[in-house]
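The first chain written gets the first letter, and so on, giving A, B, C and D; residue counts start at 1 in each chain.
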């Protein structure tokens, strides 16, 4: 054992050189949308060594993004792979399309990403790979629209996840709560209108995660939120945090420097994965 | 290299068994106080393998504590050692005595813990061990009174530290900002009076870290703060955060579940060390 | 006209001497509760001169109070009468009993104060006196439980009021949001339990005015809130204010010095009546 | 007496017709600036009847305004006169010039409006008119830059005023705390630079009223603040409020609907004058 430890220490020192996590791109069909979307999956190196089931982190992209953003757009291209390795997690990055909001759209019958993620992606992943197949070993987070998706999906399906996170989450689709210039407001309106219908003071309320604070409390799912103090989405994030403090919901809430940028998300993700690793460890499913 | 990686992966899987960080207890004399105090030092296992200089984290204890609290009082007794190992840092836990507040007391000539930490402990550590000997490789944090000490000392000596943290920091010695019952207020008064003199609305102002927000901005030192939403010190922590947001100081601020407890500090410390590791990495001094 | 103005100026200068508002105590029966309760009514002096219809302010008492509190407990015993005179309003102070919360109790069939105020007191007043008989001329406010009653009743019956206020409102019956010692918490629990049933995290939600922020927005009723910064009910008041800012509801919100005291309510009431007078003036019903 | 009251009641009912306050425009020379500026003074009708000394409210205009704004720009042109009549106060509206900020400019020797208001305007008014000549009967407020002026002057000269107010106060000249588009930011920069010199993170600190919170506490002067929730100056106003709550300074703070507009100031002024009338009454100087 003692010798092994020496080697271990040596290994730690050379870790930048010997990372070995692998990323696969797979196609995950959607019967609901009659279409097939790609997804990226980062496997920890240990996945190929240990014949065990691994916890899975679902990592969602933002409103103008796609499934491979988390691999291509962070300044450090190894970020997701290194985290998969470091924490012995499978990290799944599914497709959420431009402004699907990860909901089943009430106005566009061709956009059913809630059904896709919940009924199609998760079962696909669990059937193809050595995953923990219950909520104890499944967590979810995302950036911007993906932070919304993570909290919306986990609040609507609390039986599926052990914890959920949000980074710079677009938590309230009511854009009057966003800090936007009139030009940007108008520019974004058409994207949201296409997926949720015309915005009125009431119409988007049922989709606002901010308004789900009491449901989040009832579910009891651990929540972790990160937001930049220069983000145009700061206010809805603060508002959800305040409501969760007010109703005594256990959650972690962090304000960090920065805005709605990949530098911020690269900074935030390791803290969120550390948070999830603690929940998974408490559930006895961390390797 | 490939074989090494296999071994590395194996080592990761057995890491709970083969931790090897070592803790020394040393005596660090104080000429200023004509007395010698003990300190605990956690060395990463790599310290004994790599003939390099290591970054140092100074980790301060709370108002009713002593140098070895961080080793004895966390539910997981391996917490500090594992972090030293994981991040290849030396973690120094010096003595701060009961309610010294880590200042040179204006009323008790025998209590000079600012001088002790700055002029005696740090030079002692740097002279005896293979440490990074400049600010790029030195960080500091602590709990409660130790959070105060960390921010007070780093704000007063910004040339010495690369970053500073606070967990549940007693950032404002003016206890009228604490959420206390009258009984606890009165019980604590005598401890603070002994070190800072009788509290008046003005007398403690020069010692309030909350009032140093503009100095913190000028120094430009990265700051990380953690506070529990049930902590009686929540308000002063929120106030410093708000002032740092207001004056555009880069800092991370997190509210988590919990109160003024070791469970909270055990939860918070790994996030703070992750924060420091990012600063140290940016400074090019992480192993 | 010029002579009249001289007299007017003279009259202003002697106004403390020549106030003439009158207070009647009447009995207003409740068929719903099979009981009769007293109410106090302050009439402006002008009521006896001008054969016009007057606007009415309903002014509710607190949890341990009765209908005549507003006349007996303010340091200045003339406060309500002077305001009636100054603004040419009838001020009605109905009975709300100990901890009725101005609701129809879901557990005590003998406590139906929502029905009483809405279906019995208001029609009684409108049938006996020269009042404006529609919402344009009717406003409501109250202190503590009466602030709750005012906002709860006006939100549930927005067709009846032109504006509503709250002073130190007990806006959320979930006492875990109040800043109480355990002793006071326990002492108050039995009063709330009797009227709303046993408190659980969910049971009181439907009664929380804080959770009615979106209904308040939809109603569009002007709202005015006053709260003391030392009040144990500060947090629920701040929370409703934040939610009303967040959802863009027009309202006035003031934090003033003081706690849950008659000095505070005496200080706050004139501002609230000034607020109401502006709404009534805008409605064209101020004399 | 009884007959007088009848007449009084009648007078109240006709008050819109018989207002009689008078406004004078006077020239108040400045030796410090070697120039003469106009001021408007509203006298209550009672000034001509009662041979007494009257309290004085100094009412300051905003950054792009002049002495007669408060008479010309409120939607209700009688607002200031009616308040003078209603509360038996002299209301003085001095000149503050475009962006003088009511300070003695550190960069423009020709702009000395602190000296002007304090050493020239107040003595001029007290020497020419029947005023209360000590702090007990003198109050001050203003809008935007005038709110700044009011709090800056009263904090720097606490011996001169009984209370001070701010409406939409430009309390922090550091424009990075204002919510501005880059275009507006740049447009305003040149005005501030001319009076305070080039803005750096530190240069405007000594002029920030937000940073004077501890001095305001020490002075003990009652403070009243009004701000619109859509005002670009909301954040500095909230920040000063929070600091005054934090350090236990007695003050009234109100958030109302609206932005940086004359509708807002017309709405706010009557509340502020009511506030002042209470302080003056407590000082025994209200007629």
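Side notes on the structure shown:
Basically, a residue touches a chain if its C-beta (ideal position, glycine included) is under 8 Å from a C-beta of that chain, and two chains touch if they have at least 3 such contacts.
These figures come from a predicted structure and were not determined experimentally.
The chain with its CA mean position farthest from that of chain C is B.
Counted by residue number, the contact pairs of A-C are over half the same as those of B-D, the matching pair from A-B, C-D or B-D.
One inter-chain figure worth recording: chain B and chain D are separated by 47 Å, centre to centre, where each centre is the mean of the chain's CA atoms. With each centre defined as the average position of its C-alpha atoms, the distance from chain A to chain D rounds to 51 Å. Averaging Cα coordinates per chain places chain C and chain D 32 Å apart. Chain contacts: chain A has no residue touching two or more partner chains.
Taken as a graph of touching chains, this assembly forms a single closed ring in which every chain touches exactly two others. Screening every pair of chains for touch gives A-B, A-C, B-D, C-D.
Here chain A touches chain B in the complex through residues 1, 4-15, 17-18, 20, 45-46, 49-50, 88, 229, 241, 245, 250-257, 267, 270-271, 274, 278, 287, going by the rule given at the top.
By the touch rule above, chain D contacts chain B in their complex via residues 176-177, 201-202, 205, 210-211, 214, 217-218, 235, 239, 242-243, 246-248.
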